[in-house]
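Heads up, the next two complexes both have chain A, just with different partners, chain B and then chain C.
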Partner chain A sequence: MDAQTSFLDTLFDRGILHESGVDGLYARSALFEDVIRRFEDYVIGLGRDETDEAMVFPPGMTMADFETSGYMKNFPQLAGTVHAFCGDTHDHMALLECLATGKDWTDGQKRTGLALTPAACYPLYPIVARRGALPEGGLTVALQSYCFRHEPSKDPARMQMFRQREYVRVGSADEAIAFRETWKRRGSEIMTALELPHHVDVANDPFFGRAGKMMGASQREQELKFEMLVPITSSDKPTACMSFNYHQDNFGKAWNIRQRNGEPAHTACVGFGLERITLALLRHHGLEPAEWPDGVRKVLWG
Partner chain B sequence: MTTAEIIRDLVGKHGKLPVDVATLGDDSDLYTAGLSSFASVQLMLALEEQFDIEFPETMLKRATFASIRAIADAVDSIVRDQAAA
Partner chain C sequence: MDAQTSFLDTLFDRGILHESGVDGLYARSALFEDVIRRFEDYVIGLGRDETDEAMVFPPGMTMADFETSGYMKNFPQLAGTVHAFCGDTHDHMALLECLATGKDWTDGQKRTGLALTPAACYPLYPIVARRGALPEGGLTVALQSYCFRHEPSKDPARMQMFRQREYVRVGSADEAIAFRETWKRRGSEIMTALELPHHVDVANDPFFGRAGKMMGASQREQELKFEMLVPITSSDKPTACMSFNYHQDNFGKAWNIRQRNGEPAHTACVGFGLERITLALLRHHGLEPAEWPDGVRKVLWG
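Right, the complex of A and B next:
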């Protein structure tokens, strides 16, 4: 049995996660959620003084904004969209007939205008854009969302539905880059405080197909994305528990977010994979948080 | 048309540049001229179709598409390799 399956089974056996029958879709125990909540409180505290506002998003976003994000250009394989039954009684009977006979009943599902949110910061940009030009000095927002990515896996650190906590900076190029550098440094301080082995490395998103190879290479060459890597189920392939991203003016242009001078806004975000960080803590400090090292407990429980 | 002229034409069609490709020299930096990552991918696919080639993974990087001359050199080298194979 490989390390991923073994760790996942241990989490199931201990009742820390509960399986659903679909890889990457799990119920969380109170213990697991308590760690997530403590970590979020810790990170919210670190950024409080420089944050203008905070938002929490539902796990879905509008299809229109999903399309504007360009997600289907880059990651069609990971996307999830919401469809629903919109038929009449006749269609309903046909659906029930399919269900009863084990046939595919989803043919008649129609688009609802919703997509599952693939990255926690996407729903923020249209909200900021609707307000008009940015305030002087731009904007820093703390946010959290459930996200969906269609990538079933036995790796407990690769869930299909998971939460990202983020800080997002919207402003000038200099402001966005400075923000990202600050959080790269803070990210290492956080991991040191949590006594987790870690290193930061340049990274690329999993762009789709051959064209994606080029997008990924380009992203790396421009050093637009860095990840905080922590070994969870493998030391050869450590898991990205945080990412530090500079989007240039891609989202500023896509949603028409303007700086005060009329130029498209530049954006950057730091994302914390809440389940992944919790799994890293459980992996390195044991499955009983009450027995974690004093230093780690002090950071999270005070 | 020479290879460079064909490439210039494809850059004009697929590069989505904010400037007229005719104003660019063969050595002009296409990224500086406004070539986005995504447009460079579309340009790559158009080049593959036009010249009946496939860019190897090692060439799928920014430098390959940095100028009309860089693209022409890359296309020539792939065509040579494919002829030799």
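Right, the complex of A and C next:
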């Protein structure tokens, strides 16, 4: 049995996660949620003074904004769209017949106006765009969302439904880049305070297909994405527990977010993978948070 | 402009919710989330002594369990299924072509193993079933989940994606019924403590179609469902902010949950509509929680 399956089974056995029958979809225990909440409170505290506002998003976004994001073009294999029954009594009879005989009934499902949110910051951009030109000095927003990625896996750190907490900077190129550098530094300080082995490395998103390989290489070359890597089930392939992203003016252009000078806004974000960080803590400090090192407990329990 | 749209616009104007372009899908502000969190902490405290364990679910459940629940049979119009792109490079080219020319690209989306959770307690039952026969005295679980219902509306209290906190009782018929009666009483005490106008009434779920009307009538006749009604945007049609449900042994049979004596388990649940209760508080006590009545603040802020 490999390290991923073994760690996952341990989490099931201890009732820290509960299996559902689908890889990457798990119920969380009170213990797991308590760690997530305490980590979130800690990170919210670190960024509070420089944050203009905070938002929490539902797990879905509008199909229109999902299309605008470009996610379906670049990562179709990971995206999820929401479909629903839109029929009448006659269609319902056919549906009941399918359900009763075990036939696939999902072909009749129609698209709705919603997609599952693939990255926590996407729903923010249209909200900011709707307000008109940015205020002087741009905007910094703290947010949280459930995200969906269609990649069933036995790796407990690769869930299909998971939460990201983010800070997003919207402003000039200089402001976005400075923000990202600040949080790269802070990310290392956080991991040091939590006594987790870690290092930051340049990274790329999992663009689809052959052409996608080139896009990933270009993203690395331009150093647009960095990840905070922590070994969870493997030292060779550590897990990205945070990411530090500079989007240039891609989202500013896509949603028409304007700086005060009329130029498209530049954006950057730092994302914290809440389940992954919790799993890293459980892996390195043990399955009983009451017995974690004093320094870690002081950070999270105060 | 009617009362629903007017209240929704006020919430947008004050930045308490943020519009997305789709009715029933909104970003929540820090103020809104703070009320939700405090209400949850209050309700968790009320039930802590009699709760065996707590869980938090991701916003989706397995398609297999979704089918077992019977939701698609009874409420197909409200359900959401998750679909994904499962093609190769060739299919990706066709997808890109659709996206570029504005053609509908969602026909190519295939079912995944997931549906959006329509009611917070459904993912619990297969977890309990997997453990074998119930412990003596059954089980009481506290849980929380995002839920999805496909019913776009201008009523801010009718969101498509919203959170339910629940207590679920799994045991004998007597245990399930006693639990429901306890929480009906407690629900009224909560609403009194929060100084909200309220009353409890028998209710039925929105079963689909003509045959569904009869199922709803039968559910009312057997008094299986009660709701805690609070006027939010209408006094004539108050909003269900809690519900108190006795499922008989329907879920015990569906998932094969057994009492110690081998009989199918009976289940009951009390659900708290977290967004709805928050909206009721904002409606009746004003949009500035710092100015809410002392009694209400004492309950939520301690």
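Simple rule for what comes next: the second predicted complex is superposed on the first by the 302 of 302 C-alpha atoms of A that agree within 3 Å, B and C clash if a C-alpha of one lies under 4 Å from a C-alpha of the other, contacts with A are read in each partner's own complex, and residues count from 1 in each chain.
In this section, a contact is a pair of C-beta atoms (placed from the backbone, for glycine too) under 8 Å apart; a residue touches a chain by one contact, two chains touch by 3 or more.
This one's a predicted model, so the numbers in the text were calculated from it and none came from an experiment.
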Partner chain in contact with A:158 - chain B first, chain C second, else both or neither: neither
Touching partner for A:210 - first (chain B), second (chain C), both, neither: both
Partner chain in contact with A:247 - chain B first, chain C second, else both or neither: neither
Touching partner for A:146 - first (chain B), second (chain C), both, neither: second
Partner chain in contact with A:73 - chain B first, chain C second, else both or neither: both
Dominant toucher of chain A (residue count), chain B or chain C: C
Contacts of A:219 with chain B and chain C, given as first, second, both or neither: first
Where chain A meets both chain C and chain B, residue numbers: 73, 210
Touch list for chain B against partner chain A, complex: 37-38, 40-41, 44-45, 57, 60-62
For the chain C and chain A complex, residues of the former touching the latter: 15, 18-22, 25-30, 32-33, 53-62, 64-65, 67, 72-73, 76-87, 89, 92, 95-96, 99, 104-106, 109, 111-114, 116, 123-124, 126-127, 130, 146, 148, 150, 152, 159-162, 208-210
Partner chain B, residues of chain A touching it in the complex: 70, 73-74, 210-211, 213-215, 217-219, 221-222
